[in-house]
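What follows is a single structure, written as structure tokens, with notes after it.
Residue numbering begins at 1 within each chain, and the chains themselves are lettered A, B, C and D in the order written.
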Amino acid sequence: MAGVYDFVPAVALLPFLAFVVSLFAGEYMPKRGAEAGIIATAGSLALSVWTLLTVAGITGPATSFNENLYTWVAGGEGAVTLNFGILVDPLSALMLVIVSLIAFLVHVFSLGYMNDEGETGLPRYYAGLGLFSASMLAFVFSNNLLMAFMFFELVGLCSYLLIGFWFREAAPPSAAKKAFLVTRFGDYFFLIGVVGVFATFGTGLFAPVEGAETLASFPELAEEALAGSAEEAGVNTFGYDPGTWFTILGLLVLGGVVGKSAQFPLHTWLPDAMEGPTPVSALIHAATMVAAGVYLVARMYGFYALSPTALAVIALIGGFTALFAATMGVVKQELKQVLAYSTISQYGYMMLALGAGGYTAAVFHLTTHAVFKALLFLGAGSVIIAMHHEENMWTMGGLRDRMPVTYYTFLSGSLALAGIVPFAGFWSKDEVLFEALIHGLGSEGAIGTLLLVGYAMGLVAVFFTAFYTFRMVFLTFHGEPRTDTARDPEPVRWNVKGPLTVLGIGAATVGFINMVPVAEVTGREIDYLHKWLAHGDISVTTTEHYGELLHTFAGVDPAELGPVAPGAVSLVLALAGVGAAWKLYNVPDPEEHTDKLGGAKTVLMHNYYLDEFQVWLATGVTVPLARAADKFDQGVVDGVVNGISSVSLFGGSRFRRIQSGVVTNYATLMTLSLVLLLVVFVVAGGVV
Amino acid sequence: MAILSEFYLLLSAAVFSIGLYGILTRSNALVFLMSVELMLNAANINLVAFSFHYGNVTGQVFSLFTMALAAAEVAIGIGIVLVLYRNFEDIDVTKAATMRW
Amino acid sequence: MSNPWIAIGALALVAVVIPVSMLTMSRLLRPSVPEQGKRAVYESGEVPTGDTRIRFNIQYYMVALLFVVFDIETVLIFPWTVIYRDAVANVGLARVLLPMLAFIGVLVVALAWAWRNGAVRWVRSPRTTAQRVDRKS
Amino acid sequence: MVVEIGGFAVADWVTLAPTLVLVAASLLVFLIDTVEPRPGSSSNAVLAAVTTVGSLLAFLVAGYLLVVGVGQERVTGPVSMFNGQLVVDGMSLFFVVIVGSVTALVALASYDYLAGEAYQAEYYALVLLAATGMSLMASANSLATAFVCLELSSLPSYALVAFYKDNRGSVEASLKYFLVGALSSSVLVYGISLVYAASGRLQFGAVAEQLGARPEFAGVLGVGVVMVLLGFAFKTASVPFHFWAPEAYEGAPAPVSAFLSSASKAAGFVLAFRLFLTAFPEVGGLAGGDPAVDWVVAVQVLAVVTMFVGNFAAATQEKVKRMLAYSSVGHAGYVLIGLAAISAPDSGFVLGASMMHLLVYGFMNTGAFLFVALAEQWGIGRTFQDFNGLSTQAPLACAAMTVFLFSLAGLPIGGGFISKLYLLAATAKAGTWLLGAALIVNSALSLYYYSRVVKAMWFEEPDGTVEIESYPTSLYAAVVIAAVATVVLLPAFGLLSPSAFNAASGLF
């Protein structure tokens, strides 16, 4: 079968080629390797769009593609065969476009952020970006779990290299190490999960491979095992009840997801990762590393849909993370820190949607979030260039008039993030909450209740999201400039404005692909994404199939409820958040009141009291809550991680003491252990 | 009458234990070597005795090899003890303890 | 129930008891006169010189090593000689002789190497030569 | 008495050709030194070349025999010779491949490492003799030959560790290695004598036949089996007979450390595999039924303890070489899984996973130690701090070292990833969850201490006092070859693993 699918490997190979070229020839190129990356990602983008069109049936009949390309480890008899293969279905085709688009724009933006700023070591930077894009793209079209795992790991490695790009400073290397180790911690669970899946099913395929002999996929096998008996499906559940066992496997894989997608409690690496260059942050947050986790759940959704427990865990983790991270975003002072927490929070929404059976909603939010979060990060990057790498928002202010392009695009992204109609984030976040609500209402038993709990947390988070987003916007762009740098910011060039404009328009419009409330009200069929994901050549990866699975195995059903009222509720909350931020921060000089406190006159004092009062009113609950959350984060979660490592090191320092250096002691220890073994295995073992 | 094989086992175990005792209590490298020789010869006792017990010569031939190897081992060992003395001015095995942990 | 070991045990007991009792008796009876001369090293009537622990020349070690080489050779050749005749009769000369020649060949290579590298050369260090001169004068 | 190799009928002992090549090479080294006992530098090159070519030839011949199927089920079945004292089959050839490749790398690296040293002929001869012993260990099929081969590889190793006879570290290392080794070999030979006492046989198959499932002298046999197990624990540097390893690897010349920690360990393992699986399968309960001597559980205990002791002690080291030494102990624990999880339904897979891990380990660990050799050659010191900023001066070598370390940790950058994955799968198949958990916990920990080296090399500031002056060619070549092999083993794993699995299945 010739056609576009033969070129799909090139989607990942092109950036990989760029990696090689930048690494070895970057020094000799005028832009230090950026050319290679831009051309390669542009090529990937073109191929991805072509693929998308093919899958959509615009260039011909709608098709999907799933084949093994290269047999990597042909196991002996009874052993597992590991393949490299490609799976292109509506989900992966969509994701390919998103990833390659963001990667392309980030490359262009880097010209402005890195080259124009005169950074050194750029070939290494562009090589890293190329490998990062390549591994993410390959991860997206992986057709089996092990291949996915390998590229998942490679994505982690690249993030390590890029976050630690400025390795001569103190903070980035440690942030890089933290990112690497925390995600690795999750990945070890993932690895056990992978091995478990292979041991259980003998295959890691996401979807069946058609051919001379159809190879079954593991979600299908799991489904058969649950429907019938495990032996018939050829599934070894190691003596557990299949349902229990699949839940265990799902939760193990979820460990990797929680690490990569920065979900509670493994989210700690993400705010630190802000130490990396801003375009890298954009790439990590919008399209690659963090998205990888959520994408993986969506990819093997046919497996998760079988286990109500796993779904409930996903939903709860998601809802809790959404709320928890949003409250912490409220007290942060640095632009990128706010964005970091917003990312954690938004991925929490996606997890909530996945857990609540809102597969489409999750993919939708993944899409819109990719666009507006890339936009916000690039906008922040633009601000940072302008402010000469000063990131504290309290030193900014009034940038609206001095950098209008950045301001309006950033505003577009903020409106999307806050969820204000009609920007992209509104539609997707609304749908996430809507799905959580209707499935929570419609499902029987504990899972319904848990989904409603998740919904409640997500709903509250909407308010905080809007609040911190606009606090950020007002502090940065509105009011009077608070420092000299802010009065005279450095101008940015086309290579910054271009990507911003593209994404700014995208953030305003990408939500139109799936306007469910509008579709409901007007009765017109404009929920394109629903239709897109509902059908496909590979029937087991469609939402129709997932719906059946959810109904049959997990007992998750939607209730009859119109989307308009819940949408209105979340919109009102979002507007309330924006209003609160407006009241507190959209004043000429939000901080000056407090600064002049010492020698202030009565009127100012009065203003101050008012201000303080308002602050207390609005944040009286929030700040302690946020502080508590922050404290919990740094004290308990970090403490546990640090505790484990120090216990290991302590244990190590004890173990090494055995090695006393005196050979007679060794002889004694050897003799003792010989005697011990003899006693245990010969005498106690009943041989004598 | 033939002596029961179990007694040979006891004898060899005793010789082995004496060798082990020497290793554990003495710090002189040469005494260490002698103790190892005792332990190897304990094995030889077993081999020869059970060769007789089973009526095949396998054990006896193997004990020849063991003796040869024991001699080779001692040759190497004395060489090491010599360089030990050259570097540490002593053949006390507990003195050479600069590398540890 | 006449276990032959009882007799051996009794014999062993007697063998231990007699010397121990004699030593004990003499210790009880003898007078104790500690004296310097009793503790001196006996060297065939000569006046003892130096310590009892004298150091041997390191080169004896090489000789000892060479001895070990030939010793092992003998130990391993011995069983072969015992069955040589029968083996030749059974499987033919080549299969009996050639492996042993290979074995000895390896040892010969080692011996030639050791010889050539000075294992059997008796080196006189300047110090020993000097001592000898001292003693003569 | 006659076997067929690639269409030619030859005498059975020809299948031992790889070992014979090593013997011939060592005799040749002796002859060269006999002709010219006080060698100039030209003859040093000849000695190194003879050693490298000899071991490479052994590697290639073994590889060829493996490929044409000598000694394997698909052609002739195991070639047994000298009344079953030696056997050539897939497993023995597989391990000769490991030993040959490691020896070749070490010999190549030694040329530069030993530049200017006296007694080079002795060094190469000892390396080759030890390699002979190791390759013969892979074929040993009787307790007698096993012990002889073991000593043939151990005795030159003691001398090699003491090669720097005026260096206190080297001598101390050798002393400890020798004393622990002497004690271990006497324990081993006593164990052998007890097994002989219980069975009256020394040849592995005959021992199994004689013992049956319910041996007469079960107590004697039990003591013997445990002692034999510990004797092998010495050779493979497993707890509790691992005490020599950190000191010996630290004090020895770095190429010797590489040689001992890779080849010697592999040889110890192949002998342990063959002995326990062909001589004690029924007493261990592998044929079903109650085990008379439950050595499988004993190995499981040793495996877990070895992993923990090795990795935890490695985590707190200050010297890179000693860290690698401890990590080598930890890896012995991983490989022990092959025996510990042997009760799995698919034991060929379990054992094959261990064999593949040893193969990959041969390259990555040798490479890591050779990098340390390079660092010693540069005289930059031994601690982690001394490696700071090394990448600015030697990026190629540092990149290679990064590959080795990450592959050792099990990241998907080298073959170590898949072999560890297979080991994990093996524990899953056997249902020995504790082993799997220990493997994972220790891998996670190992990443910590391996990445300390990587961090020092790439992320730390150089202190600026050390200038690297020379870039020794052969040492560099050896490091780079090992790195390439490590990386290539990731995609090429699938080409080699079937032969490992088949070879492993041949033992059952």
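We take it that a residue touches a chain if its C-beta (ideal position, glycine included) is under 8 Å from a C-beta of that chain, and two chains touch if they have at least 3 such contacts.
Please read these numbers as outputs of a predicted model, since none were measured by experiment.
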Fewest touching-chain hops separating chain A from chain D: 1
Closest chain to the centre of mass proxy, which here is the mean CA position: D
Relative to chain A, chain with the most remote C-alpha centre: C
B-C or B-D - the one linked by more C-beta pairs in contact: B-D
Chain centre separation (chain B, chain D; CA means) in Å: 26
Interchain centroid distance [CA atoms averaged], chain B/chain C, Å: 16
Rounded Å distance, chain C centre to chain D centre (Cα mean): 38
Cα-centroid distance, chain A relative to chain B, in whole angstrom: 65
Touching two or more other chains - residue numbers and ranges from chain A: 656, 659, 661, 663, 667
Chain B: positions in contact with at least two other chains: 23, 61, 65, 72, 93, 96-100
Overlap residues in chain D, where contacts from two or more other chains coincide: 175-176, 179, 183, 187, 246-247
Set of all touching chain pairs, with the criterion as stated earlier: A-B, A-D, B-C, B-D, C-D
Complex contact set, residues of chain B against chain A: 20, 23-24, 27, 93-94, 96-101
Footprint of chain D on chain A - complex, ascending: 71-80, 82, 150, 153-154, 157, 164, 167-168, 173, 177, 180-181, 184-185, 188, 191-192, 194-196, 198-199, 238, 645, 648-649, 651-656, 658-659, 661, 663, 666-667, 669-670, 673-674, 677-678, 680-682, 685, 687-688
Partner chain A, residues of chain D touching it in the complex: 175-176, 179-180, 183-184, 187, 218-219, 221-223, 226-227, 229-230, 239-241, 243-244, 246-247, 292-295, 297-298, 308-309, 311-317, 326, 346, 348-349, 352, 411-413, 417-418, 421, 424-425, 428-429, 431, 436, 440, 443-445, 447-448, 451, 455, 458-459, 461, 491, 493-494, 497-498, 501-502, 505
Contact set on chain A toward chain B in their complex: 656-657, 659-664, 667-668, 671
In the complex with chain B, residue positions of chain C that touch it: 4, 58, 61, 64-65, 68, 71-72, 75-76, 78-79
